[in-house]
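Down below are the structures I want you to see.
Look at the two complexes coming up: chain A is in both, with chain B in one and chain C in the other.
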Partner chain A sequence: MIKFIAKRLGSGVMVLFVVSVLTFTLLYTSSGSIAQNILGDQATPEQVAAKEHELGLDQPLFVRYFSWLGDALGGNLGASWFTNEPVANSLATRIPVTMTMVFAAMILIAICAALIGVAAAVKRGWVDRVVQVGAIIGDSIPGYVIGVFLVTILAIQLGLFPATSTISPGVGPEVWVVSMTLPVIALLINGVTGGAQQIRSAVIKQLERDYVRTLRSRGIGEREILFKHVLRSAAPAGLTVLSLQLIGMLGGVVIIEQIFALPGMGPLAVAATGQTDLPVVMGVVMYTVVVVIVVNLLVDIVNGWLNPKVRVS
Partner chain B sequence: MKLGPKAAAAALVLSASMALTACGGGNAGAGANSGATTVTALTLGTLRDLTSWDPAQAHVGHALQPYQAAYDSLILRESDGKLSPMLATAWKYNDARTKLTVDLRTDVTFSDGAKFDAEAAKANLDHFKKANGPQMAQLSSVSDVAVVDADTVDINLSAPDPALEFFLSQAAGLMGSPKALGTDAIKTEPVGSGPYVMDKAASVKDSQSVFNAREGYWNKDLQKYKKLTLKILLDPTARTNALVSGQIDATLLDPKNGKQAEGAKMKLETNQVDWSGLLLLDRDGSKNPALANLKVRQAINYAFDRKTILDQVMLGQGTPTSQPFGKDSGAWSEDLENYYSYDPEKAKQLIKESGFEGNISIDVPTLPGAETLISVLKQQLADVGITLNPGAAITNTFTADVAARKYSALFYNLFQGEPTVAIDQIVSTKALYNPFKSTTPDLEQKILAVRNAGDNAGEAAKEVNKYVVEQAWFAPLFRVNQMYYHNDKVNVEPQAQQAVPSIYNYSPAK
Partner chain C sequence: MSDSVDTAAVSVATGQTGTVVRSTVMRRLLKNPLGIAALLILGTIALLAILAPVLAPFEENFANISKTLAAPDFTNILGTDSAGRDNWSRLLFGAQLTLLSALLCAGVAIAIGLPAGLIAGYYAGKFEAVSNWIVSILMSLPGLIVLLTIRAAFGPSVWISMIAFGILISPSYFRLTRAAVQSVRNELYVDAARVSGLSDLSIIARHIFSVVRAPIIIQTAAIAGVAIAIQSGLEFLGLGDPTKATWGVMLSEGFKNVYLTPTLLLWPALAMALTIGGLVLLGNAIRDALEDGEKIKHRKKRAAVSATGAATAGTRTTAEPAKARQSRKAVAAVESGTEHHLVKVTGLGVGYPQADGSIKKVVDDVSFHVDRGEILGIVGESGSGKSQTAFSILGLLPDNARIVAGSIQFDGHYTVAPEDEKVSQERLTKLRGKRISYIPQEPMSNLDPAFTIGYQLVTPMVRVLGISKAEARQRALKLLTDVGIVNPERTFDAYPHEVSGGMAQRVLIAGAISCEPDLVIADEPTTALDVTVQADVLDLLRELQQRLNIGVVLVTHNFGVVADLCDRVAVMQNGRLVEEGTVREILRNPKEKYTQTLLGSMLEGKEPMTMLVSPPEGPVAHGETAHHATAEKEPVA
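Presenting the complex of A and B:
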């Protein structure tokens, strides 16, 4: 198992390296006159040249990359070109907001999707049909539409929740809970419907397998078959779907954070990309890649734990 | 079977495995902050955070307001545009208008304890000139600043600049503590003499900036609240929701979201700051020969049914116009307002006379958010026989592209500033929006007259305005209404030439 994890970690580091090279190259070669953007439309060519020198933009690309990489390995992601705020600081204040929201949504998605999916697969009949129709409806409404709808009803009409986040330094956990409730629900609905659908199929597929028939023929109870055998076999498929949803959610959360004015990664990513604030964009990309790698690694580990065949292969 | 007991909990396996990864989320911080709004607190929704609190990095309009909380300026610009004393008690030009002598207050200190005096004023103006701020051109005519005595400075000019006094009420006039200027600290925490002091612990970059009233501030009339919060709300939907649910007291919206705010009984203050229209840049025809023909440029102007476009696309929020100079600039003229009224027949006639019939094709980049408007313009130009080709969307290399003559024509929204500001933005040969450097000796003379006109710059600029309208340098469509909404707890006075009012224009409603 340790060897398996080490191998996965090794490939994760490779992915991180390759993505950093590609992102760096793409960003630096496609973003036009960065110094001009920083200085605004009235800067003279001399001022632009001075700024380029200050930022090291007059050096060859690979020199800049390795200087960035060296700093990054030492934990220094540089500072924003526009605000001079260290990128690590920006990330440190924002990651908790985004991660709290994403993981709260994921936990709820996992629980709800598993319950609904298994219920639909086992009961079939009208329960299944309701789940199927609900899945189509839930899946086809974008999260931000749900978000705006929730704000209008629950925040503006009924005043139960704040319309935009009230999270600020020093507030208690209760403020986090009320500020996060609506955005988490907005993220949740798509995930639950999509996840339930996948889990339902995986469970149905297992229930139709020969080994289930064999178990039944030996007089083993339905409950035991379901919990001891079927779910364990269906789990990898469900896990994979959920991990993909989590990764997809890192994108969806950008819009949700804007609507609810949550001080998370989304507004930072949007602002930095719009301004071509490259040190910040690199920081955001690296964070995203790390999250993706870690999630995949955890899913692989859990899958390996549930299913020894994965470890061998 | 060794996993047996664990597998019994398999209904939760899917969720639990994900839950294991969830422990990383958390929250941080200490202290207290209440979002409650009383008459002593003002909370405003702003469009974006500042990139730096260094006063030399201040910008115009909505990017000036936050600085006004922390910094005083030499001259105060009142809501109607009148210039009044602030840190400067009086100011006077010499006869040649090349030296402005400024008397300063002697009773003002900065929030770090440093004293405001002539040396401090000079330090700020010198810093502004070399700090590469977005508005550094405001002091481009200043050759040097001389300290006369403890409360007087002379600002020497290389050439007269009628807008200098105005600039001293804007970014160039903001005064920071000389001890803090040029340090890294002032980029994230302002140190000024203004009515409010930033509460750094309660402020979060790109989320909110919190200010408390400064104890012993020299001008109580400008300090109407005990607490000021600027909540950064990028998204117009978020701004609307925050306003109608009472989280913020005032914010800038657009016509569409404004409808929702009106439904919630929010009050509207409008003023006109920008004009919207086509810039026919290539007047010498170096890239597009048709644009060198005056009749073609005039035909473009006659082709637009401005009133209908405004009503349909902008929900009527604006005023149709044929002139690029704004109403508050002094250069605005009633006669030019409808100089090019909608007349497609005349447009076709002019095109026929120009000799370019059936042969006029204009490329414009697409301004994000203006897609509908541009497609209407395309239709109306097609009706008179002109092809408009909207191209790729404007990107963050836009200004560099304009300067590099990438575009022969543009659709854009532009600020309507003071006469010389507007001239150096769209008319003079150093203007960004005159990349092909179009000019004539006649026009140069008119521009020079404005620069030397002193307080009569507006009147003199009418000639420049008339020239560019008659020569159809642009095809202006309308002045756009800025829609600033607020609730009934606050009185708001719009500020001339600013979409967002100055910080002094808010007061608790009685």
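Presenting the complex of A and C:
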């Protein structure tokens, strides 16, 4: 098991490295004249050259990459070209907002999707049909469109929630709850409809396995078969579904934060992208990939633990 | 495959094995209202997009600044936005861009994922390992974050971002293609093509491509939807091409003016939901059409079987009698004079409801009985209904199965009374495990891989016999010794994947007798085993049966097993009982032609009827069922 975890951890670090190389190369070789872009059209060639030297852009790419990597390993992700704020600091103040929302949505998705999906698989009938139709509707409407309509109807027309967040440093938890209710709902609807349907199929697949029939023939009760055997075997598939949803949500939350004016990663990423503020973009990508790798690692560990072939060896 | 596996396939009906001809799928798609709706929606949107230059009254960026945020009128049928641009025109040009970008994205994804998946699935090896690694990286990148990066690097271009997203999402085609190819790579017809000298390229083109075609269409519908959602999201964030009219930009425009003209939101949102919804529905409808095809194939197979069989085997509507059956709750007493039979099946009929309301019978008018200490063999070819009969006794038929006729009594009480429509789970739950038990065909798939063998032996004893865990453990170890396992402690603590198939079958036999049943239903208990192990398992069964004086129903297709083990034998064909008698009688002097054919096919040109001798061709390949092996060897011999 320890060997298994070490292997997964190693491959996670490898992925992180490869993604950082690719992103760095992509960003710094394709963005045109970065210094010109920062200084504006009025800048003289001398000013541009000076700026390029200041940013280290006159050095070869791999030198720049390894200097970035060295700094990054020490926790320094550089500073924004436009605000001079250290990227690590901006991320640190914004990550709590984004992650609170993402994890609140994920926990709710896990609970709702599992309950609904298992109920649909076991009871079939109308629950099942509702899940099927719900999945089609959920797939048809992008999460951010749901967000836009939630704001328009519940916040602006009916005034039940604030249309934009009032989260700022030092506010109490009740402000967070009020500000985050609608964004979290917008984030989780697609996840619940899609997740429930996939968990349903995973459970049905297990219910049709041969060993379930044999357990029945041995006089084991339906409840015990479902909770002890079927759900355990369906869990890896369910976890994989949830981890894929989390990866998607890290992108979706960017738009949701923009809609609700939440001070999370989203507005930072969008502004940096629009301005070609490469250190910030690089920082956002790295942070996202780290989150994904950690989540995938956790899923692998739980799945490995559920699978005796991995656990025993 | 046994008929039990067939019924499982009916309910699961995978859409991925389809060699279904496209035209029939298309026809079925057009019969499905949802399929028609999806095609109509998408067709209309595509038509509007193509005709946009003709239909749009204004250029996409033409702005009438004296008429901003106007309500719909004759000039601007959907009103204007905050810059005085015509919403209807922008919606049409937006459709154009949206559909083209979705096509581009899916095209790029297919161009990368399909060949890579074909190669990885067909040749495996290093290419597959490298591809898997790339896939795992691509799949751990959130789409929107990647597109933000691409936007930062290359500037605002719909086409570049859609190419990038196509690359990012290509693993979905890769995985789908690879899985489909792997599933057919070792199929006989692909082998045959290879042997007959076809090049790999033409095999891929002819045999494998036909398998992946349908799943790819389904996947494309889904991916086009995702591409539209993410592209419009990027535009909504203001990171799209500002010179283009797109639904995302229109949505963002509406959101900025949500206090003044919230209806601006409605049109792009509606367009998006209709397009993506149309794609989702289309994908679902194609999947349904493919699955129907699978189901119909199975139905046809059954229909063919019953057509050649007895005259009365066929469909019958039971909607009305079904109600009458259910209303009778009281359990009738069994016919007097038959109480002494351990199990007695009388005129049993089992059927499956079909889409058209009829019921297809798989077991028809089957009667037999088994007494204590007696082994009854039920023999027949695949699809003869023998497993269905056995599962009726156990009460473990699939959920959609119906008892359409007859009764089953166990030890003088009905488990299926003459008018019952379903097996009474209430009555059988008390019997299963305790008095009736089951030895399955395939040892490995019948043990839960997540639990130790010991746990799976102990729990039923604790639940059924109410003994303590420690006591159950002692009994389990003794049972493992009894079934010939040399080191019972080690097997007790092992997980199913740590033991061999023969060992697993011994474990399942131990489980079947653990609660001292009166009746054991053995469904092809030796079929999945190596020939040498088969002999041991049969010896074991006989020894246990004699020692414990239990009744056994042994389902098999193998007369060798019957001759070796059974007292009496019932021959089944096409769901009906053809002949029944003592083994000696039937083997020496089969009356029915079918039995003679069955015996003849077993004996012709072979060693005397016993499976205990390895066939001259060499041992049966592990994992391959003996039935398959014989079926395939026949034409060669």
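Here is the rule we go by: the second predicted complex is superposed on the first by the 309 of 313 C-alpha atoms of A that agree within 3 Å, B and C clash if a C-alpha of one lies under 4 Å from a C-alpha of the other, contacts with A are read in each partner's own complex, and residues count from 1 in each chain.
Everything that follows uses one rule, which is that contacts are C-beta pairs under 8 Å (C-beta built on N, C-alpha and C of every residue); 3 or more make two chains touch, one makes a residue touch a chain.
Model, not experiment: these values are computed from the prediction.
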Fit or clash - chain C, chain B, common chain A: clash
Contacts of A:T164 with chain B and chain C, given as first, second, both or neither: first
First, second, both or neither for A:V270, with chain B first and chain C second: both
Touching partner for A:I259 - first (chain B), second (chain C), both, neither: both
Partner chain in contact with A:T240 - chain B first, chain C second, else both or neither: neither
Touching partner for A:T181 - first (chain B), second (chain C), both, neither: neither
Touched partner set for A:S201, first chain B, second chain C, both or neither: neither
Touched partner set for A:R232, first chain B, second chain C, both or neither: both
Chain B versus chain C as contact partner of A:V289, first or second or both or neither: second
Touched partner set for A:L306, first chain B, second chain C, both or neither: both
Colliding stretch - chain C into chain B, listed as 22-30, 130-138, 238-246 or 328-336: 238-246
Contacts on chain A seen with chain B and repeated with chain C across the two complexes: 31-32, 148, 151-152, 156, 232, 258-259, 270, 274, 276, 306
Of chain A, residues touching chain C in the complex: 11, 15, 18-19, 23, 26-27, 30-32, 136-137, 139-142, 144-145, 148-149, 151-152, 156-157, 205, 208-211, 213-221, 224, 229, 232-233, 244, 247-252, 254-255, 258-259, 269-270, 272-274, 276-278, 281, 284-285, 288-289, 292-293, 296, 306-309, 312
Chain A contact footprint on chain C (complex, rising order): 8, 11-12, 136-137, 139-145, 147-155, 222, 225, 229-230, 232-233, 236-239, 251, 255, 258-259, 262, 265, 269, 272-273, 276-277, 280-281, 284, 394, 396, 429, 432-434, 436-438, 440, 442, 445-452, 459-460, 463-464, 495, 497-498, 508, 511, 515, 521
Residues on chain B engaged by chain A in the complex (per definition of touch): 3-4, 7-22, 24-33, 35, 48, 51-52, 132-137, 184, 187-188, 201-208, 210, 231-235, 237-238, 241-242, 244-245, 247, 264, 395-397, 399-403, 432
Footprint of chain B on chain A - complex, ascending: 31-33, 36-37, 39-43, 47, 50-51, 82-85, 90, 93, 96, 99-104, 106-107, 110-111, 113-115, 118, 148, 151-152, 155-156, 159, 162-164, 166-171, 173, 176, 199, 227-228, 231-232, 235, 238-239, 242, 246, 258-261, 263, 267-268, 270-271, 274-276, 294-295, 298-299, 302, 305-306
